[in-house]
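Letters A, B, C, D, E and F mark the chains in the order given here, with residues in each chain numbered from 1 onward.
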């Protein structure tokens, strides 16, 4: 049987606890979800992934709600059950309404369909669409 | 050798030309891209897919630019070359800046990474995230 | 916690109930499966997807059982648990035997294998196989 | 620069040439396509894969044309360019008409769409669909 | 309801039992896992897949532990729950430590991320990287 | 037309050039490949991804050649053409022989096949394989 350590908030090494505290502060949350508790079994992975998430998901040219919806779109396409649940919850918390949710999934579904029509017919890329590397 | 008919704008049946004209009007465009020219080899497919695209991509609770970026996110995840090119061009035309593009791809990349960490560790979904079907 | 509305047959709006009734009639079935009950939370999505399914899955140049097996092949490749279950059941109902089921999965498995051998070796497409767009 | 050996028909070792000859005989073909010429760089892989293809693609409870269409469905879903080309050509050679091709791609596209709707909404599997392991 | 036969060790036909015995001997194991018990519902599939596994996973130019870790990498990328569990267990049995496991998943995650950055930006392949078919 | 900036080695900002120099030193290489030149259009992405690659691909509990082969396995499964080329070249540079390459692709192919057999039959995970979260 494979043993996976899940590090609990409040029972972590100083190094891990500091990241847990930072996650809770950044998210104005009182608890740590399983993703981080499992990653904490490898402190260098925990540190690295949290650092990436902080940088990539910060408000920028794209707003945080849109970023969460893009995250959901990828997770649904890949069928990552955990990520669908956690990022749908995050998008809801940031203001995604029922109507937005239905439209998000409709776009994801349609894109997956037309991706395969384009693949299947092996449609040549129009000259007008080709990027020009400069 | 497989022969694929590509129906040219201006040389189409009345049924297909009507849809081509509608596409050009809807997009304020003067030309038809290869995706529609190839689908037109099956007029019922052309009609059906255009009808879906019109409904799903229309302005709604999510704005058209965000919908295009979601489309790009799915197409990149699936590696559909044609769709990456055509929907990146569409997002650019709707106002996606260089900064937004870089952030979009950064989110898509990170989501693909954490999807696999969640899968790989087979992280159990937190009770707090589980949807309640009502 | 995310609340997902599942609309029950017999407790739906007139608009949704009409589609539920049409689904039951078309399938000679006395019940509605969860896929449609969940989609019904967005009536326009329910209407759109049912309209697509009716058109695409109708008997045509390919018979309905073969279409269901193709649906299973895609769902297995994408690992969509719900779709594997529902479309395997549909294919069984249309006459898929144990022998056909074993052969279907064998082809799906082998195609997934040789897809990666072709990708991995980056095998150039033979001139004889290239489609000619006309 | 990576060197990939492509073994030519007529210039192969006795072991490889015997398989090439068997492939040509089985397919009533006068040439060997690149897939086999590249696999031949590893004779044990060539032998193993050809042995699998022979067994799996043979006429059985499912006819050879349907098997080729299932192969195309998987290859389109995975976007394997080589396999889309080679198996579409094979399906055409076995009788796939333009109408069948359009319907095949329509089913593949729709399945990819509804797979994501089922994933996205995390629809619970109906009791009626669950397999019973016996 | 779909009935799936799961053939139990000790209650199998002579043909299937012989393969079960060979699997147990090869793996120095006293039990048969569900994968083989389900495949046994189609003896020709059981025979074919076992024959492939024996050939491909045998010690060769790549050692058995590395092969298992490659198997896990693919299974995580595809999100095959069964395969993640069974091949992680196999890799553990062959000596994969906690540190190796964390590094394996880190590489798999990062590769999935940069795969999408390369796809998304449609980065042209450097001349230096292109294989030369000879 | 989409314009993608590709930043050339020697014509970069001080911030980017420093990373380019570090990449060349780390790899004992005299040139920068397109992946980094394109990422450089977003210096924060360039910095972030290079930092991840350095950390994840460093020698550790798993040796660098094995890490490269795992990278290739993921890239082949996802069909990322650029990544297949660049990481196969890297694995070759680190000592991957023709025999290892053939075995690597054989394992990747087989894993992709059995992943779908396990998915298709929806094989229940054996109790013996389930991880215990502690």
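Basically, contacts are C-beta pairs under 8 Å (C-beta built on N, C-alpha and C of every residue); 3 or more make two chains touch, one makes a residue touch a chain.
Remember, it's a predicted structure, so these values are computed and weren't measured experimentally.
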Joint neighbours of chain D and chain B, given as chain labels
A, C, E, F
Looking only at C-beta pairs in contact, point me to the busier pair out of B-F and E-F.
E-F
Any idea how many Å lie between the Cα centroids of chain A and chain E?
27
If you average the CA atoms of chain D and of chain E, how many Å lie between those two points?
20
Rounded to a whole Å, what is the gap between the Cα centroids of chain C and chain F?
34
Junction residues of chain D - those touching two or more other chains:
2, 4, 38, 44-45, 48, 52, 56, 77-81, 85, 88-89, 102, 104-106, 108, 110, 112-117, 119, 121-122, 124, 128-131, 133
Inside the complex, what are the residues of chain A that reach chain C?
79, 85, 88-89, 92, 98, 102, 105-106, 122, 124
Of all residues in chain F, those that touch chain C in their complex:
72, 76-77, 79, 81, 84-85, 104-105, 108-110, 112-117, 119-122
The chain D residues in contact with chain C across the complex are 4, 31, 33-35, 38-39, 45, 49, 52-53, 56-57, 60-62, 66-67, 69-71, 73-75, 77-78, 80-83, 85-89, 97, 99-100, 102-104, 106-108, 110-119, 121-126, 128-131
The answer for chain E against chain C in the complex is residues 2, 41-42, 44-45, 48, 78-80, 131, 133
Residue numbers of chain D touching chain E in their complex, please.
1-6, 38, 44, 48, 52, 55-56, 128-134
